[in-house]
Structure formats: C-alpha cells, structure tokens
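Listed below are the structures to be examined.
Next come two complexes, and both contain subunit A; in the first it sits with subunit B, in the second with subunit C.
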Partner chain A sequence: MKLSSLSTHTLKQSLGNHLGIKLKIGGFHICLTSSIDNVTQHLINLYGDFELLHDDDFIDFHVELNAPSLARRLFRPQVSFSFDGHVPFKPLPYDQAAAMFEWGLNWCIANHSNQYLIIHAAVVERNGQAFIFPGTPGSGKSTLCAALVLSGWRLLSDEMTLISTVDGMVHPVPRPISLKNQSIDVIHHFSDQAFIGQVVKDTAKGTVGHLRPPNASIEQSAMPAKPTKLIFPKYKEASETQLLELSKGKSMMRAAEDCFNYNVLGSQGFDVLGNLIDQCDCYTFEYSQLTEAIQLFTQLTD
Partner chain B sequence: MRMPVAAFLRDVFINPHCVEDYHLQQWDLLIRQARSANVLVRLAEMFKESALFDAIPDKPRMHLESAWIHAQRFKLSLIWEIKCIEKALLPIDEPIIFLKGAAYHLADNHAGKGRLFSDIDILVPEKAIPEVERALIKGGWMTNTFDPYDQRYYREWMHEIPPMRHLKRQTTLDVHHNILPKTCKFCPDSKKLLANIVQTGENNTWVLAPEDRILHSATHLFHEGELEQGFRDLSDLDLLLKEFATHPDFWSTLLLRADELKQRIPLYYALRYTHAILDTPVPQSVLDQSEKYLTGRVRRAFMDFLFLRALMPNHASCNDRWTGFARWLIYIRSHALKMPIRLLIPHLLRKSFRRFSSKDTH
Partner chain C sequence: MAPNFFFQFVSYDSQIRFRYWFDECAVYNPLTGDTHLVDDAFGNMLQKFCDNRWSQAECKDFFAEQFNFESPAELEDGFKLFLSNCRYLNVLEFEENVLN
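Up next is the complex of A and B:
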C-alpha cells in the first residue's frame, strides 16, 4: 500500500501518535512521528509513491520531528530532529521542519550503514549503466541529477551513493532531490513535469526545495545497478560542455575525499573504492547548458 | 529480586540464545535498546562468540555489522593513541597506569570487547604529576581550560588535573593521581593502589590489579551522576567479575581489598546489581557479606528503587514512571558524594552563576 492511499486526516493522525508512519525508502525502513503540518505536507507532496510498511516489520530508523519544548512551540517556534531519543543536531526554525527531515535521514544513513561505502554523490542509471556524480555543494550535481531524472533516467540517489562492500553494486535509495537557490527555477524551466514541494528560504544552505522522485525509480528501488562512469561535475557560467578523462589515480584521491565513511572502512574502503575506480571510466565535466549535458550522457548510454 | 522494568537487552545479556525465536519486532526493540545503551558492538561480539551471528535476520544483523565495522576502526585509533601516550611519557621513571577502557584493552579483558569510549584515562603517582604534565605538553597535549577557578578546582580538590587535549588529534586524556576526589571521604590511599599494579607489555605501561580494576569500575559507576551509560558500565563489571572469578581466592581477595581501599559500599552495589540485573554468578556468602557494608534495610531498599531503574538501558522502553525521578536523585547524590557540603554549595553556586552569565563552557 502506498502512502498516497491514506487520507490527509489518517496520515496526520498516524504521524501525530507514537506509532508514526512507517515508510520503505530504498532498502531502509523508516518510522516517522511528527505533529508538524509542514512535515505532513512534505510527505503528501513528495512521498506519495512510497510503500508503507507492515506493523510487524523491522524499522532501521525511528525518527521524530517536533518542537524541542512547549515553550519553543509557542515562542519563536523551533523543530528538533530525534533519532530514537538521541538528538544529533541543534534545533532549527519551525518552517525548516521538512528540510530537517531530509537532512536528518541523510545523517542516519551516513552514520549507520557501514555495509556500504558511502560517497557524497548523485547517482542515476540508464540502460543498466549507473553514472556517479560526486560533488561538493555548489558543483551542480543535484541540478544535473534532477535534469537527468526528468529526462527518463532512473534515480538511485541525489545525495548518497551506496556501494555494496560485498558486490560493488550501487544500491538505490531514491528520495526527493534537494535543489538549492537558482537550481529551483532552472529545474522548473527545464521540464513541466517537475514537481517541487515547499520552498523554504534562509536555511543553512540558502533557499531549498525538493523535487518529487519519479514513481518508476521508486518501484525499481530494490534493483541494484552496475557503476560504469564516475564523473566529477562543475557548473561554470557560460562554459562549453566539456567531458575530460581523469586519471585513475587522481579519481581515486578525489573520490576518497568525497566519501562519508572511507576511513571507517579502513582497508576494505580502499579495496571497494579501488574496484569501483577500476571498473568505471572517470571524467571531469564542466557545463553550463543542461540540455547539452543531458544529450551527451544519453548518447554515452545508447 | 523483582525488577521494576523489563528489557529485551537484559534478557539477551543474560542468555544470548533467547534471540533464537525472536520475531522482527522484538529484534527492532533489542537493537534500539542496545544502541541507546551504547552496547551494540558488545551485543555483536556476544552473538559472534555464541555462534548466533549468522542466523540473525538480515535487517538487525546489518545494524550489528555496521557498528562492529565502526568498532574495528575505533580499536585501531585506540592502539595508536596508547602508543602516542607511551612515547610521550617515555622519559618518565614512574609507572604509567592505564585505567578503564584502555586498561581492559591492554589487559585483554572481556570487558574490553566492543567497548567504545571517547577519553583515555591514566593514573600516575601524585608526585610525578608536574613532570608528566610537562612531558605531555611537549608531546602536543594542552590543557582544556585556562580558567583559574577551574584549574584550582581540579588541582586542589579533584583526583585528576584538568583534562588535556591533543592539539592535532583532538583526543582527550585525563591524568589522575587517585580514583576518587581528595575531598571525598572514601578516597583511598593511592600508595595502596600503586603497590599492586600489573605491567602489560615491555614499556612502562601498567594497569591496576584485577581486584582494583573491579573496585575502580564500581566506584566510578556508583559515584557517577549521569547514568546514560550505566547499563554498559554494569556489563563491564559483570564481565570483569566472571573473568576473574576463575582464580582461586578471588572473592576473599576482592572483599579484603575493598576494605583496604575504603570501597566497601561501591562493591556492595556492584555485586548486588550485577547479580540482580545481569544474573552475575556471585556466591551467596559473598552477597551476604557485602550486604553488611550498607547499613539499614530502608536505605538498601531505597537504593534498589533508584539503581534498578537507573542502571537499565537508557531507552524510553526501559523506563517506568519513576525512572526520571530516580535518575535525577542519583545526579543530586553524585554531587553530594564528591565533596562535603561546605565546599559543594559555594562550588555549585559559582558554577551556576557562571553558566548564567554564559562564561562557562562545561
């Protein structure tokens, strides 16, 4: 049963009581409780196609988003993210609750999933080939990822690429794609299919909005993909579209820096990343025209 | 003894095999309790030892595996940090005694397994403190506080100097000269502790005697004010007791040593609550003997009321309506144990005033 099959009233009621809403997000099972309207709306906007779990399923992350205290619900309201009673971050302004859910979930996955090597990268797939786009904030990886997904590519993740330490495959966690500042308008103009949820201003990352992931990507989220290209993107105003090969050594060094848990995995991390680099063609990529970029990548997978 | 609250985690620590017919919801709660109590890795180790690990359902096994991988990394950092401390203190002629987690690791005690912690504690003879401090500063450690009041608080009253932090690695090192504050009326004679230390390895690296390791663990836990890790620390005691109990004369040596080091009351608590909560096999005669250490039936019943709640895993599912109150009382109690009231009241007033004017970083 999908989340969209619940009425707004039922959804709100389940979120508000201690049982919460139990969602399957890729391979992860999440239980969310919150009595914040923004959060309910965020789920309705962006998580409608996600499957609900059964009551007797195992939950990976029990998370809660609520005001840290009664005072903070009434006066200059704040929201606090809790992972089963543990509060890893300082509270944020109340209207950032939905964004905090996404960031909190990133934190949960990044810190408790050492069965994967986790790269801070977007990853999409077409014709059985997964392209990994590692990137620091501002590199344009999420914009690129959103545009590819809106052009029919399968979304595996826009934030965290999970490489299995067992078989080297990319395991999908399709979730709403986080768009920042100008990217929100860029993606709106790029496709009329784009559905972007609430847009929140003045967060730590500027203005933030989330793009709804395609239903097809969610339905195929149990299917891992084989990584074939590792591409370091760089958005540069008025630049030519330019894909340049990057040596394996340099690619390894750069990718290691973009990993969340490379040092936790130790020698296993080195092996997994080494194998990934071996089996991928590695590039740097500079662009300013999204349509040209999409065309180029689509040709590469034809 | 009747337990006021139940916890899957407790059942599994007593008998790991009871998970064999757990359904997923039970696993869910077990993993949550273990994570909150900071014993996820210890649980993983227990399942590995009992050959149960591979039969665990995928989902909960992933969480144990992930925590276990993290612990392997932690262990490497710990070994490295100990090496760095040993190197920095090479010029010191006095013994360097590692305490708690680092000691369990060095002595290869069961209690070292799956134990994650943030600070390393060492103990040195009090007279060696100035030269140890100088050697550490030379090695890159730096005091955490330059505040004259904090400095005086530690140096005059406490059993340790202000915590030191390594400038590059950001690791914290606590340098002690005793196991309880000088102001505490149960503060033992540190010469007696030093008389029985045990050397580990070739360097000038030592740990406390087995009985003293237990007594230190007990006194630390039962003087502590915040018992978030209480269940883990109780499990340390359980593992130490089980490991050392195989030596002949262990129990009589332990009772005697508690007497010598003025640690009879912490030992009473340690034996009573490891036995009650983790079913640690303590001989009845030893339990009876130690019960005499805490006088007053009402007092003992009251401490049961507090500790049988506060020592359970720090998870909402292990609380009853009194747990919050019990934890609060234990917090208050810990301050009263640290120093006499005539010192404590001015200290707390000063702390709260400074916190109010937000100068205090503690």
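Up next is the complex of A and C:
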C-alpha cells in the first residue's frame, strides 16, 4: 500500500500518534512521527509513491520531528529532529521542518549503514549502467542528477551512493532531490514534469526545495545497479561541456575524500573503493548547459 | 662500533594495502588510516620491503639493483630520499640490532 492511498486526515493522525508512519525508502525502513503540518504536506507532495510498511516490520530508524518545547510552539517556533530518542542537532526554525527531515534522514543513513561504502555523490542509471557523480555542495551534482532523472534516467540517489561491501553494486535509495538556490528555477524551466515541493528560504544552505522522485525509480528501488562511470562534475557559468579522463589513482584519492565512512571501514573501505575504481571509467566534467550534458551521458550509455 | 639497524616496515605482516593502475599506486596504511598516492616504482619497492624484515645493507643493495645509479653518492641520495618518503608515510620504523 502506498502513502498516497491514505487520506490527509488519516496521514496526519498517524503521524501525530506515537506509532507514526512507517515507510520503505530504498532498503531502509523508517518510522516517522510528527505533528507538524509542513511535514505532513511534504510527505503528501513528495512521498506519495513510497510503500507503507506493516506494523510488525523491523524499523531501522525511528525519527521524530516536533517542537522542542511548549514555549517554542508559541514564541519563535522551532523544530527538533530526534533519532531513536536522541537529538543529534540543534533545533531549526519551524518552517524548515521538511528540509530537516531530509537532512536528518541523510545523517541517519550516513552514520548507520556501514554495510555500504557511502560516497557523497549523486547516482543515476540507464541501460544497466550506473553513473556516479561525487561532489561537494555547489558542484552541480544534484542539478545534473535532477535533469538526468527528468530525462528518463533512473534515480538511485541524489546525495549518497551506497556501494555494497559484499558485491560492489550500487544499492538504490531514491528520495526527493535536494535543489538549492538558482537550481530550483533551472529545474523548473528544464522540464514541465518537475514537481518541486515547498521552497524554504534562509536555511543554512540558502533557499531549498525538493524535487519529487519518479515513481519508476521508487518501484525499482530493490534493484541494485552496476557502477560503470565515476564522474566528478563542476558547474561553471558559460563553460563549454568538457569530459576529460582522470587517472584512476587520482580518482581513488578524490573519491576517498568524498566518502562518509571510508575511514570507518578501514582496509575494507580501501578494497571496496579500489574495486569500484577498477570497474569504472573515471572523468572530470565541466558544464554549463544541462541539455548538452544529458546528450553526452545518454550517448555513453547507448 | 656503529649500531646496525634493521628496517621494520609496519606492513611486515602484510596489512598495508597496495593498488596499482599503470604508473600509479594507492597505498593504504591501516595503522594511520591514511591513503597515499605514489608512483608505481615507489609502490613496488615499498611492497617488496613490506614482505620481509630487511637489514639496512640488504635494503640498500636491493634498492641499488632496481635503478641505474651513476655513482655511490647518487645511490646514497636516492636511498635517503626513499627512506625519508617511507617515514613521511609512516610505514617505516628503525629497529636497532643490539647483537651487532
């Protein structure tokens, strides 16, 4: 049963009681409780195609988003994120509740999923080939990822590439794509299929909005993909589209820097990342035109 | 008599990881958690030394065999540089052989 099958009233009621809403997101089982309207609306807007879990399913992450105190519901309202009863972050302004859910969930996965080597990277798939785009904020990876997904590529993740430590495959965790600042308008104009949820201004990352993930990607979220390209993107205004080969040694060093848990995994992290580099062609990529970028990557998978 | 040193490479028990791509070698040192990118010649040499316990003299002889040094001074400089790089990567310790 999908979340969209619940009425707004039922969803709000379920989120507000202690049992919460239990969602399957990729290979993770999440239980969310919240009595914040923004969070309810965020789920309606962007999580409608996600499967609901059964009451007796195991839950990986119990998360809660609520006001930290009664006073904070009345005066300069804030929202607090808690995970299994712990509060890992300082509260944020109330209107950032939905964004905090996404950021908090990123944190949960990044810190508690050492069955994977986790690269800070977008990853998409076409014709059985997964392209990994590692990058720091501002590199344009999420914008590129959004444009590719809106052009028919399968979304595996816009934020975290999960490489299985067992078989080296990329395991999908498709979720709303986080767009920031100018990227929001860029993607709005790129495709009339783009549905972006509530846009929140003045966050720590600037203005933030989330793009709804395609239903097809969610439905295929149990299907891992083989990584074939590791591409370090860089958006540069007015630049020409340029894909340049990067040596495997340098790619290894750059990718290691972009991992969340490379050091935690130790020698295993080195082996898994080394295997990934072995099986991927590695590039740097500079671009300013999304259409050219998509044409180029699509040709590489034809 | 000057003490004789043995080189003890920390990957003596083969825990250091090596990965080669053409002329590049990635080296992972589990004791420090650091990953380094070195050239393949340096990687090969380090890997060889990590396979066993070597005396200073054996080490230098092997090093000399790998490259064409034009003079003893050049060999000396090259060997010193190699050792210095190994120490920088924290993969080399000295162990004094007290019996000599």
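Here is the rule we use: the second predicted complex is superposed on the first by the 302 of 302 C-alpha atoms of A that agree within 3 Å, B and C clash if a C-alpha of one lies under 4 Å from a C-alpha of the other, contacts with A are read in each partner's own complex, and residues count from 1 in each chain.
Assume contacts are C-beta pairs under 8 Å (C-beta built on N, C-alpha and C of every residue); 3 or more make two chains touch, one makes a residue touch a chain.
Since the model is a prediction, treat every value here as computed from it, not as a measurement.
Trainee: A:56 in the overlay: touching subunit B, subunit C, both, or neither? Say first, second, both or neither.
Mentor: first
Trainee: According to the stated criteria, A:113 is in contact with first (subunit B), second (subunit C), both, or neither; which is it?
Mentor: first
Trainee: As a test of reading the superposition: which chain, subunit B or subunit C, is in touch with more residues of subunit A?
Mentor: B
Trainee: May I ask you to decide whether A:138 touches subunit B, subunit C, both, or neither, giving the answer as first, second, both or neither?
Mentor: neither
Trainee: For A:266, is the partner it touches subunit B (first), subunit C (second), both, or none of the two (neither)?
Mentor: A:266 contacts both subunit B and subunit C.
Trainee: State whether A:252 touches subunit B only (first), subunit C only (second), both chains, or neither.
Mentor: A:252: touches subunit C, not subunit B.
Trainee: Does subunit B (first) or subunit C (second) touch A:29, or do both, or does neither?
Mentor: first
Trainee: Of all the subunit A residues, which ones make contact with subunit B and with subunit C?
Mentor: The overlap between the subunit B and subunit C interfaces on subunit A comprises residues 263, 266.
Trainee: Given the complex with subunit A, which residues does subunit C contribute to the contact?
Mentor: 15, 17, 19, 21-22, 24-26, 28, 30, 33, 35, 37
Trainee: Taking the touch rule as given, give the residues of subunit A at its contact with subunit C in the complex, in rising order.
Mentor: Subunit A reaches subunit C through residues 247-250, 252-253, 256, 263, 266-267, 270-271, 274, 277.
Trainee: Can you check the complex and tell me which residues of subunit A touch subunit B?
Mentor: 29, 56-60, 62, 84-86, 112-115, 263-266, 268
Trainee: Of all residues in subunit B, which touch subunit A in the complex?
Mentor: On the subunit B side, the touching residues are 23-25, 27-28, 32, 35-36, 57, 59-60, 62-63, 65-67, 69-70, 72-73, 76, 315-316.
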